[in-house]
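After this come two complexes, each holding chain A, first together with chain B and then together with chain C.
For the complex of A and B:
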């Protein structure tokens, strides 16, 4: 029988509140010597030094657990300038300057992806030079690219002069990217698209530079929010990839998350204690995309966390336990996550497909809406025609039931154009299809992405066709 | 903002970070002088005062009820406010109060 009585708790509670009233300083739980500066999970008090040691240890332990980093490996560090990535940079810098027996033997190289087109202009002018300075001070080699590089074949620059930020000046591609984002109707899809876009750029550049390891600065809180929002976005199949310590979506590249055991509160305190200034602002504030499902999930997690301090850990560990048994060949061509091909058992998928198709009938307030839908369906073929050799490519019919649904929809007149859109969609996972559905027009999608997606898809189709004849 | 010390004033440094500064005129550091009161200034009163006097954008992104929104951390002289009584902490002159947002949109 449980021997803990309710009075025990009552007593404990009253002593704590007395302590607070008297403003008595609480001592560090570890060294029992210094005044505690941080309280974690409402029960662990630590002083500055002990806390910083704990974080450094967690970081090194996570890296050690992966057993992937070999001496002399070159690792690409994805840097955005946010609080977590600055912490990552600081921890790496400490690691390579450690005493010889503890020193990191791999070589970090930074990739800074500039997202400042979403920031207010004045902030850009002030903060970008600061980021450049932080990169320079890190002492590592670094490359700079922009989000809009998807329009310029993933170009990046290797810069030595800190004051030279001319490569980050606004150009035509930036405007295209802004139009692309304005074109996406819901904040949910905007946020999701931004996340996938970052990964895409990291993968592409790692490939160009011939690196096979990438470090990202995602922390426990980020990842637990990701678990829940992935499920709500229909990306449940991808949870295990998106929170794994070593994400191997792409067979030849390891995406490693060394900060996954550190929460966002710990990150903030680590930065404050080490007097590191936060540089970039997260996407939500400048873009004001706070109507998204992801942001609601974030608030939900934080709200629960206030009452139940283990929320973040619990959700995160649930995500860790999930496994995907997916076939490697069937990957989404945009986010590189597995696609569920046999959807016969997934009734909700079919339901939501029918819902999307009939959506146009349901909310059709005036003729303008109608026109928009038609434009959307015509936009893709005109784009595809610009791709050399596409015309000759063999067209295959799409799955029967999707076809049936489209034919029912009288507003989408042209069946062939629909089939083209569907072909593109077929090569995407459910979550990415949603983003595509949310775009008013597909005109702003980079031609490179379309080219690649369709080409890869065609190659896959061809492979399947000749599979039986191969020896 | 210049710092003027009057005999009946209560000087304080308020700082914002992690994106929260965008809600406060894009300024990270504010040297504020609170009006002298009979009751002591607590963090609860400070948050209400900030909302009325310094906040320039969307209050719902900063406050919730009489506290800050979950996800915004409060540090007084680099110490976690959970250790010193949260909203009931009595501010002292020249305290450094730091609000850092960890919210990023999911």
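For the complex of A and C:
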């Protein structure tokens, strides 16, 4: 299996040698003057300068197209330390140092979210300081926070005070985060949930710091892999958001992707030509979980891309041609994507599957395999306790009653808990329902993620839910 | 200790794990769920109406054999009141269709469904062998490909069927969705998930097995001891489709629901309103769907009939490569043509068994 290193640099190894133009007779396609250094898509030859110009131009053109960035805007730059995000910093730096008429008038501020808790310890020791150095040398103001701060009640001051990674001590939240992911049973759901969590934390921090625009460093290749994996996760409906130049699922925050028209290969060359040191930060899989649909898709796209160089563009453009749905009415509480109340084929199929296999997902027999599912049911009351306003007497009555029922370990207690999980499921999209299914326990779900979902459980609604079971 | 069947109220012990849901169930419950799911698909999508004449595309392969068996069964069980018949096309290539046609004939006898075999001669006025004589070996794959695509629709029209059903399964659909995304073919992508495809003037085609997993189809055929012509070993898909297929198989291994999830994604995407898709018109000569005024088949026929066989032959033979490979394979595959008919049956059973073992 591939190592962390190979992943982000899948191109670097194979292509730097191959794609660098060996034929010294070929002239650059653009300036027709210099000898070409690089060959793109197996046919376009460019010299170093022209290539760098093309990339810079693409970046500026993409930003211009959004028509969203106004002079004096404050923009949060989501920096992960991977190849693309280093390129993004470099391009921004060039932009703010340009001659006056071309100079960027907005103010980039970096946000680094530390996910190193998922890294092996040795890697943390070596690579975190490198990232800190890159942040300090960037010349921009920066904020640092941890992924686990999704659990914390941070204020502006809390975030502002952190200016070095050493300020981030291991704490209770880190353990919660680890437990949360430990409870997710498949690598696919782990990877998917991490992605959702990254968005959540970006939005959370942006709100605390009072920013409404975020730049992310996703490139064409990343996005086309995202499109394809979302298709196999049953997230087809949201593909148009995934590739959009500006993803505005959340009404108060614009997520902008200025590198979306630059491929990962171009990123690598850009960095090589500009002598930018890479930091060996994995882009998608920091947890070293590989048995996932997303990882399989990434491998597949990179392999196919070798033989059919248009693959990445084809997939990307499919995403662009699809309809964006309005999400205001029926939004998934976890990923903010639309929930479709459809009557289409698969939904019908699932109905008939539930109908036939009425045990499925409802009431598993006492098989060893299924012990975990029972655990999930037990977790629900404790989840209820974390609802704000839970102290409300009525709610407590119900929870106590459920607790009692479950302690009796009767059929009925399980049924009720299952019905509650079903209810929870209804506030999630098809894709997030998969994640929920893969969770052994809901105990460590951060309240920010839970809140909206569980708040839906109004006391009377809950009462209605279980009335049928009250004898 | 034997595991009890997961199905509620069932006291039997489970003997298999459903590929689709990983439920451990008994044989009877598997039949029950497999059949009911197809029944629900038919009913909820309004695939048929009472009194209709339904042509079942029969190739002798596992999908079409299971389709024929199960339609007959559901038609009797739920009183669909359909007039079912099997429809096969004989291309008239010496030595190619013989075995599969034998299987289709056996299906006819076993399930008591009438069979109609139409030859290329009847459909187009030319047999493949005669075409080869006219155009030479080099170009015949063009004809095969083009004629084959239309043959079933033409046959169904000649026999005045109200509907043509094909054995496309969930794996096929998911694979096609992925293919169209990877190739950036937005118009095919928007079409490929519909369970009924309507062509102007032509007969609706539908896919009752759209949500049935290939593995479950094989499993069903195995337990029901259905006789089919194994096409697995002679299958050599074009390279690109081959990549996509193995990718899909890998996804299924990681998460079995991936196939259904891909179909769900495919069903739910829709194209932006401002994107104009190429118009799908109909052929002025024969009335079948065509992007040109005169369809490819009519063009080729025109050439043949006027003694100008090169008319309409595209320079891109690659498209037909798959077909050519298949023709070649049956003739040269040591396990295919050179086997005795008994040996071939054993070969089939071997393949089925090894597929089956992978479920347990």
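Going forward, the second predicted complex is superposed on the first by the 354 of 471 C-alpha atoms of A that agree within 3 Å, B and C clash if a C-alpha of one lies under 4 Å from a C-alpha of the other, contacts with A are read in each partner's own complex, and residues count from 1 in each chain.
We adopt the following convention: contacts are C-beta pairs under 8 Å (C-beta built on N, C-alpha and C of every residue); 3 or more make two chains touch, one makes a residue touch a chain.
On a predicted model such as this, the values are computed, not experimentally measured, just so you know.
In the superposition on chain A, A:292 makes contact with both chain B and chain C. By the document's definition of touching, of the two partners only chain B reaches A:264; chain C does not.
Of the two partner chains, chain B is the only one touched by A:122; chain C is not. After overlaying the two complexes on the shared chain, residue contacts for A:273 are found with chain B alone; chain C is out of touch.
Of the two partner chains, chain B is the only one touched by A:225; chain C is not.
When both complexes are overlaid on chain A, the residue A:309 reaches neither chain B nor chain C. By the touch criterion defined above, A:45 reaches chain B but does not reach chain C.
Residues 292-293, 296-297, 303 of chain A contact both chain B in one complex and chain C in the other.
Interface of chain C with chain A (complex): residues 3-4, 6-8, 20-21, 23, 25, 32-33, 36-37, 40-41, 44-45, 177-178, 181-184, 186, 189, 195, 210-211, 240, 243, 247, 250-251, 254-255, 257-258, 260-273, 275. On the chain B side of its complex with chain A, the touching residues are 17-19, 21-23, 26, 58, 61, 69-71, 73, 75, 78-80, 82-85, 88, 90, 98, 100-106.
By the touch rule above, chain A contacts chain B in their complex via residues 20-21, 23, 26, 35-39, 42, 45, 48, 82-83, 120, 122-123, 191, 221-222, 225-226, 229, 264-265, 267-269, 272-273, 277-278, 281-290, 292-299, 302-303, 305-306.
On the side of chain A, the complex with chain C involves touching residues 186-188, 227-228, 230-237, 239-240, 291-293, 296-297, 300, 303-304, 308, 310-311, 313-315, 317-318, 321-324, 340, 342, 344-349, 351-353, 355-360, 363-365, 367, 430, 434.
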